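Consider the two complexes below, in which subunit A is the common component and subunit B and subunit C are the respective partners.
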Partner chain A sequence: MIQKKVCMVGAFATGKTSLVARFVQSIYSETYQTTVGVKIDKKQMQIGGQELTLVLWDLHGEDDFQKLRLSYLRGSSGYFLVADGTRRATLDKAYILQSKIEQEIGAMPFVLLLNKTDLQQEWELEESVITEAIDKGWTVIKSSAKTGLGVEEAFLTLSRQMLEV
Partner chain B sequence: MTEADFPESAKHSSDRPLPDSALLSELLQMLNVESAKSPSTPADAAWVAPVSAESGDQHGTNGSESAAAIDRETAFIPQTAQAILAESMLAPQDSVGELQKLLLGFDQAQLNQLRERLENPERRAVDVGQVLRQAILLQSMQPEQRVLFVAAMTPTVEQAIQESVQKNETVIADAISPIVGPATRKAITTALESMIQRLDQMLEQSLSPRALQWKLESLRTGKSFAEVVLLRTLVFRVEQVFLIHRTTGLLLQHVVTPTIAVQDPALVSAMLRAIEDFVQDSFTVQTGDQLETLRFGDLTVWIEQGSQAVLAGVLRGQAPLELRLVFRQAIEQIHREFGLALTQFQGDSTPFAAALPYLEACFKTEYKTLKRKSRPYFWLLFTCVAIGCGWLGYHNWQVRRQWTDYVQRLSAEPGIIVNKAENRWGKFFVSGLRDPLAVDPAALLPMTAVNSETVVSQWQPYLSLHPQFVQTRAQQILQPPATVSLTVDENGVLRASGLANQRWLEDSRRLAPVIPGVTQFQAEVTIAELQALGVSRSRIEAQRLWFKEGSTQLLNNPQALNGTAQEMQQLIQLTVALRRQVQIQIIGRANQRGSAAQNLILSQNRANAVLQMLVAQGVPPDRLTAIGMGTRQPLSDPQIPVEQLNRSVTFKVLFTTGSRARTDIP
Partner chain C sequence: MLSLPVPVLNYLFDTTIAKRAPAYLFVSKDGYLKDWGGTLDRYGITDLQRGEGISHQVFFLEGLLPLDAELFLPRLKTDDGLCADVYLFPGAEGDWVLLLDATLDELQYSLLQQYRNDLSLLQSQYVQVLNQQLSGAAPPLLSLLPDGERRDVTILFADLRDFVPYSEQNQPGTVFRSLNLYLRSMIQSVVSETGIVDKLIGDVVMACFGVLPASQAAACHAIQAAFKILEAIQDINRLRRAEQQAGFEVGIGIASGSISLGILGGQTYKTLGAIGQYVNLAACLQRQAQAGEVLIDTNTFNQAVSMQPCFAAVDRPLPDQPEPIQIYSFMRQ
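Take a look at the complex of A and B:
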C-alpha cells in the first residue's frame, strides 16, 4: 500500500474543507484548523490497480491575520491549490502561494481547483485566465463542493501525477 | 525390457519397437539432468540426434518428413553427432551394428539400457529417489516455491496421518507421547496457577477496603468496575507505538493493545507530526530541539526522534525511565536496519513490516497487584474454608456419635425395641416398638447434642413382659392398700405381702391371673378382719363379772356390761363379714361356801342373769349359751382372794365355719 501526503492550500474561505468533506475519512473537527492550523483527513483510492492512501493536510486558509505555515508542506507529494471562482482575489492569492511553495519547499505536482462553480451568477473568472494557467503547464479543474463536481477527478488527477502513471 | 527383447533377426526398422516421441523427450530431459551432475560423455551426446530422428518414424510420417526431422534435430547438435559418426565409421564393427551406428550414431545396447532405466519401475524408483531429496531441499530454499510445495504436500501428509491413525493409532500415539506428557503438565500447571491468581485477585478486588473504594468510584464516575480496577492497579501501560516517517508524517508501522479503542493511526501520526511543526513554528525553540513528550493527565506521548523516522509511544501511568531507553534503542536499531528504506521512502510502508519486533519490544505493561508469590487472600480463604470444613466435620462426627449413643440407650431401655435407625440428608429416623409404660424416647434427646427437630420417630405400641412393667400394671389393676406391697419376679410370680382386708384379697386372687405377664399370685397377707376378731375375743374373755355372796346380784358397774354387750355385737358383725359363726359361752361360777348342788344352781342362775342382761342390751340370744359350772374348774389368780374370784361370771368365745368351731383366730 502506498501512502502520500497531500496538502490543501488556498486563501481563506475558498471552500477547501467543504470540498473534501464528503469524500474523506476524518476524526478531527474543523477547530483544529483555527488552533493548530491544520486538519488531517484520509482518502483511500485505487489507481491502476494499486491501493493508494492520501493523507490530506487541510491547511488553514491564508488571510490578513494568519499566514500559511509552509512547514506543514514539507514531505508532501503534491497539493491542491484552491481558489474561489466567485472572488478573483483568491486566484491571485493562489498564484502567490504557489510561487512561495515552489520557492521554499520545491516543485511538486499540484492541481488548481477553481471552486464554487455552482455559483455561476457570481463567477468572476474569465476563460482566458484558465487558459493562461493551462498554458503555464498547470492542471486546472473546476469544482463544486456543493455538487461534488470535479472533486473525484481532482483526486485522480493529482494521484496520477504523484505516482507518475 | 532388456536387450534380449530385440533379437538380431528382428532388427528391421519396420518390426523393431521404436521409442516414441514422449519417451524420447523424457530421455532428453533425463540426460540433461545427468549432464548437469556429471560431464557429458560423447556417447550421451551421440544419442540425442538419432533418437530425435526416430521419433518421426514412430509418428508414421513419410520419408521426406523423417529426413527433415533428422535434419532439424541434427541441426541442434551437429558437431557432436558428426564427430561421433566420423568416429564410428573408423571403428571395425559388425555390419548391421555399424550401419545402425552410422545411421543412428550410437549402440543399440545403450538405447536398451536407457529404455530399461525408464521402463523398469524399480530402476526408475532408484533414480527418482536419488533426485527427490535434492528436489525437496531446493524447493524449501526458495520462499515462493516453498509455499507452493507445502500447499501441494499438505493434503497428502494430512491424509497419510489420518490413515495411519485409523489403521493403528498407537504408532502416532507412541511417536508424540514424549511431547504430549510434558506439554499437558505444563498447560495444567499454567492453567492452575492462572486460576489461583485470578481467584486471589478476584477476592482481593471484592473484599478489600480498596475494592470498596473502587466500587464507589465506579458508581460515582459511571465507569465499569473492571475499568476502574484496571486503571487503579496500573503502574503503566504502553497502549500504542507509532513508527512515523519524519519528513512526510506518514505512518510506517503501528502496534496497539488489543483492548484499546484507537483512532485511525494514519491520521494520528500525521497529526503528531503537525503538532511538532506547530510547536516549532509557534514558539521560539532552539535549532535542533525537538518535541519529546506530550502529557495529558496520566496519558503521555513519548516521542523518540531519529534522523529519518520518529517513534511515538502512547502510555498511561508512570512509566520508568528505563523504558525510554528501550524506545531510544528501538529507533536507533530501526535506523541502522532500515536506513536506506527510510531515505528512499516514497510512501510504500511494506518494507517496514519487518520493524514490528522493535515496536513490540517497547510494548510493556505493569500492574501493581500482579504479584505471583503473594496470595494472602487465597490463603486466608483457604484457611477459613479448611477451618470451616474441619469444624463441620467434627460437629458432624460428634452428632453421629451422639446419635449412635442415643440409639444404644433406647435399645437398652426396657419396653423399647429399636427396629431401624438411620441418618439421611441431615435427618435422623428411628422406628420400633414401645410399651406405653416405657420411658418417652423424646425425653432422652436433650441429654445428647442431636437436635430434636431433626429426629423423626415412629413407635408401635406393644406390651412388655418385663417384671417392672408387670408390677406396674398389677399395681394399676389391683390397687392394693398402702399396707400391701407387690413384687414380680423374673418368672412372672406376683407376690403380695402386708395387711389387707378379706375383700381385696379375694378380688386380687380373681384379677391377678389375667394381668399380662403374671404367671402366679402368692399372697402373704394378714387379713385385717381376723385380727380384729382376735382382739375382740380377747377383750370379751378378759371381762369378769362379780356377784354378791350367795346371790345373782351383780357387783360391777352396769356400764361395764354395756361395753361387753357392744363388743359382742361388733364381734358378731365381723364373723358375718368373714362368713363365720360365733358362739359365746357365759360361764357362771360359785365358791366353795354352801353345798355343791346349791352352788351349781347358783352358778347357773348367775350365768342366766348375765344372759338376760346381754339380750336386754341387744345381743342376739342364739349366740349366747349360759353354763353353770358350780365349783368345777375354779379360776385362780394370786392377786384376788379365791372366795371372791369364783363368785363370778366369765365368757368363752367359740368360732365355727358352718357348725364346726374354729380356733385359728389370733
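Take a look at the complex of A and C:
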C-alpha cells in the first residue's frame, strides 16, 4: 500500500481544519477553533486501482505570532495552499508561503484552494486572480468545507499529481 | 558536559522530564523499528512489531525518516490521544524519536492563540463594514450629510502607557506585534460597544460613540468600552508576563458634547472626521489619566446615570480648556 504525507498550509482561519474534517469525516462545524501546532489524520483512497493512504498534516495557520514551521513539511509528497476567498490578504499569504516552501524545501505538487465559496456575498477575489495563478501553471480549485464543494475533487487531484511524480 | 550532582539531576528529571511522560522509538536507518520504551501507550502507540517498517506502525512518521539532522515538531496531535512535543535526532546506528507530553502547553497556547485570531478576524470584519459604510456600498447604517454636520457624540481616547520607550528598545517586528495585540483588543472593545475607531495614532486609539445606532446613550457605551479595554489589557498583560514579556497599562479619557462630524478623503480613501472642543477635551483627559484610570467630563458623567456610582469627582489640571470643568475618575483596583 502506498502512503503519502500531505500538508495543509495557509493563513489562519482559512478553513484548513474544516477541509480535513469534511474530507476525512464528512463533517463540518460553524465554530472556529484555532489549530495550535499540527493535527494529523489519515484517509484511505482508491486512485486508478491503487490503494493510497494520505497522512494529512493540518498545520497551524500563519499569522503575526505563529510562523509556519517548515520542519512540519519534511517528507511531504504534496500540499494544499489554502486561502479564504472572503479575505484577500490570505491569498497574499498563500503566495508568500508557496515561495517560502519552494525555496527552502523544494518543488512538489500542490493545489491552491480558494475556500469558503459558500460566502459569495463576501467574496473578495476577482476571476483574474484565478487566471493569473493558472497561468503560472498552478492548479486552482474553489472549495467550500461547509457545502463540500470541490473538496473531494481537490484531494483526488493532488493525489493523482503525487502518484505521477 | 554539564557537571551537576546526582541529586540535582534527579530533581531536574523528576520535575521536568518525568512529569511529561517520556517515551521513545529507535528506528534503523532503513526504516525498521529496532527498539522502544517509556509510556508510548499514553500517546496511542501500541502493538509495535520489532523489525517491521515504522511508517505503517506509527503513521505520523511517514516521510520523516531517515534523518540527516535534528528535527523538532512541537504540539503534534492525532486522534489516538497524542499531544506531544516530538524530538527526532540521528544516532550512529539509527534515528531516535523522543516524545514528551505537551497537553498543558497546548492548552495554554491554544487559549492565547484563539484570542489573538478572534481579535484579528474581528478587526478585519470591522474594517470591511466600515469601508462599505464610508464608500456607500452598504445600506446607510452610518448616515452623515455629505458636507458634514454637528452631532452630540462621545469621544474616547485610550493610550498605552510607556510604549514609546519600549518601541525604542526593541526590534520593529517585536514592537508591532505587541502593539497590534493591544490595539486589536482595544478596537474590539470599542466595536463591541457600537463605537467607531476614528483614528489610530501610534499607541493611541481615538473612538467615536453616537454615530452608529445603539441601544443606550453614547456615554454609557463609551464607558463600558473603557471598562472592557481595561479588562482586556489586564488579560493580555497576564498572558505576556507568563511568557516573560513586557506588559503595558492604559490611560483613558472620555468627553461628550456637540462636535463637527463628516467624512474626510476622496475617491480612494475615506475616513470619519471628528473635530471640536470635546475631541480636544477627551484627548486632554486621556493625557491626565493615570495608568489604569478612566477620566470623564461632566457631560459624560451626567449622561451615564447608571454608571455614576463607579466614578468619584477629582481635581486635575486641564490645560488649554476654555472653562474649568468638574471631572470624574474611575481607577481600576
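Criterion: the second predicted complex is superposed on the first by the 152 of 165 C-alpha atoms of A that agree within 3 Å, B and C clash if a C-alpha of one lies under 4 Å from a C-alpha of the other, contacts with A are read in each partner's own complex, and residues count from 1 in each chain.
Everything below uses one rule, namely that contacts are C-beta pairs under 8 Å (C-beta built on N, C-alpha and C of every residue); 3 or more make two chains touch, one makes a residue touch a chain.
The structure displayed is predicted, hence computed values, not measured ones.
Colleague: Please indicate which partner A:36 is in contact with in the superposed arrangement: first for subunit B, second for subunit C, both, or neither.
Modeller: both
Colleague: For A:13, select first, second, both or neither according to whether it touches subunit B, subunit C, the two together, or no partner.
Modeller: Only subunit C is touched by A:13; subunit B is not.
Colleague: Who does A:66 touch here: subunit B (first), subunit C (second), both, or neither?
Modeller: second
Colleague: Which of the two partners, first being subunit B and second being subunit C, lies in contact with A:131: first, second, both, or neither?
Modeller: neither
Colleague: Which of the two partners, first being subunit B and second being subunit C, lies in contact with A:46: first, second, both, or neither?
Modeller: In the superposed model, A:46 contacts neither subunit B nor subunit C.
Colleague: Pick one for A:76: touches subunit B only (first), subunit C only (second), both, or neither.
Modeller: The answer is both, since A:76 touches subunit B and subunit C.
Colleague: In the superposed model, does subunit B or subunit C contact more residues of subunit A?
Modeller: C
Colleague: Can A:27 be said to touch subunit B (first), subunit C (second), both, or neither?
Modeller: After superposing on A, A:27 lies in contact with subunit B but is clear of subunit C.
Colleague: Would you sort A:87 into first (subunit B), second (subunit C), both or neither based on which partner it touches?
Modeller: second
Colleague: After superposition on the shared chain, which partner residues are touched by A:99: those of subunit B (first), subunit C (second), both, or neither?
Modeller: After superposition on chain A, A:99 lies in contact with neither partner.
Colleague: Can you give me the overlap between the subunit B contact set and the subunit C contact set on subunit A?
Modeller: Overlap of subunit B and subunit C footprints on subunit A: residues 1, 3-5, 32, 36-38, 40-42, 53, 55, 69, 71-72, 74-77.
Colleague: Which stretch or stretches of subunit C touch subunit A in the complex?
Modeller: Spelled out, the residues of subunit C in touch with subunit A are 55-56, 59-60, 62-65, 71-79, 102, 106, 109-110, 113-114, 116-118, 120-121, 124, 128, 176-177, 180-181.
Colleague: Using the touch definition up top, name the residues of subunit B that touch subunit A in the complex.
Modeller: 245-251, 263-264, 266-268, 270-271, 273-275, 277-278, 280-281, 346-350
Colleague: If we count contacts the way the header does, which residues on subunit A are in touch with subunit C in the complex?
Modeller: 1, 3-5, 12-13, 32-34, 36-42, 53, 55, 60-61, 63-66, 69, 71-72, 74-77, 87, 89, 122
Colleague: In the complex, go through subunit A and note every residue touching subunit B.
Modeller: Checking each residue of subunit A against subunit B gives 1-5, 25-28, 32, 36-38, 40-42, 53, 55, 57, 69, 71-72, 74-77.
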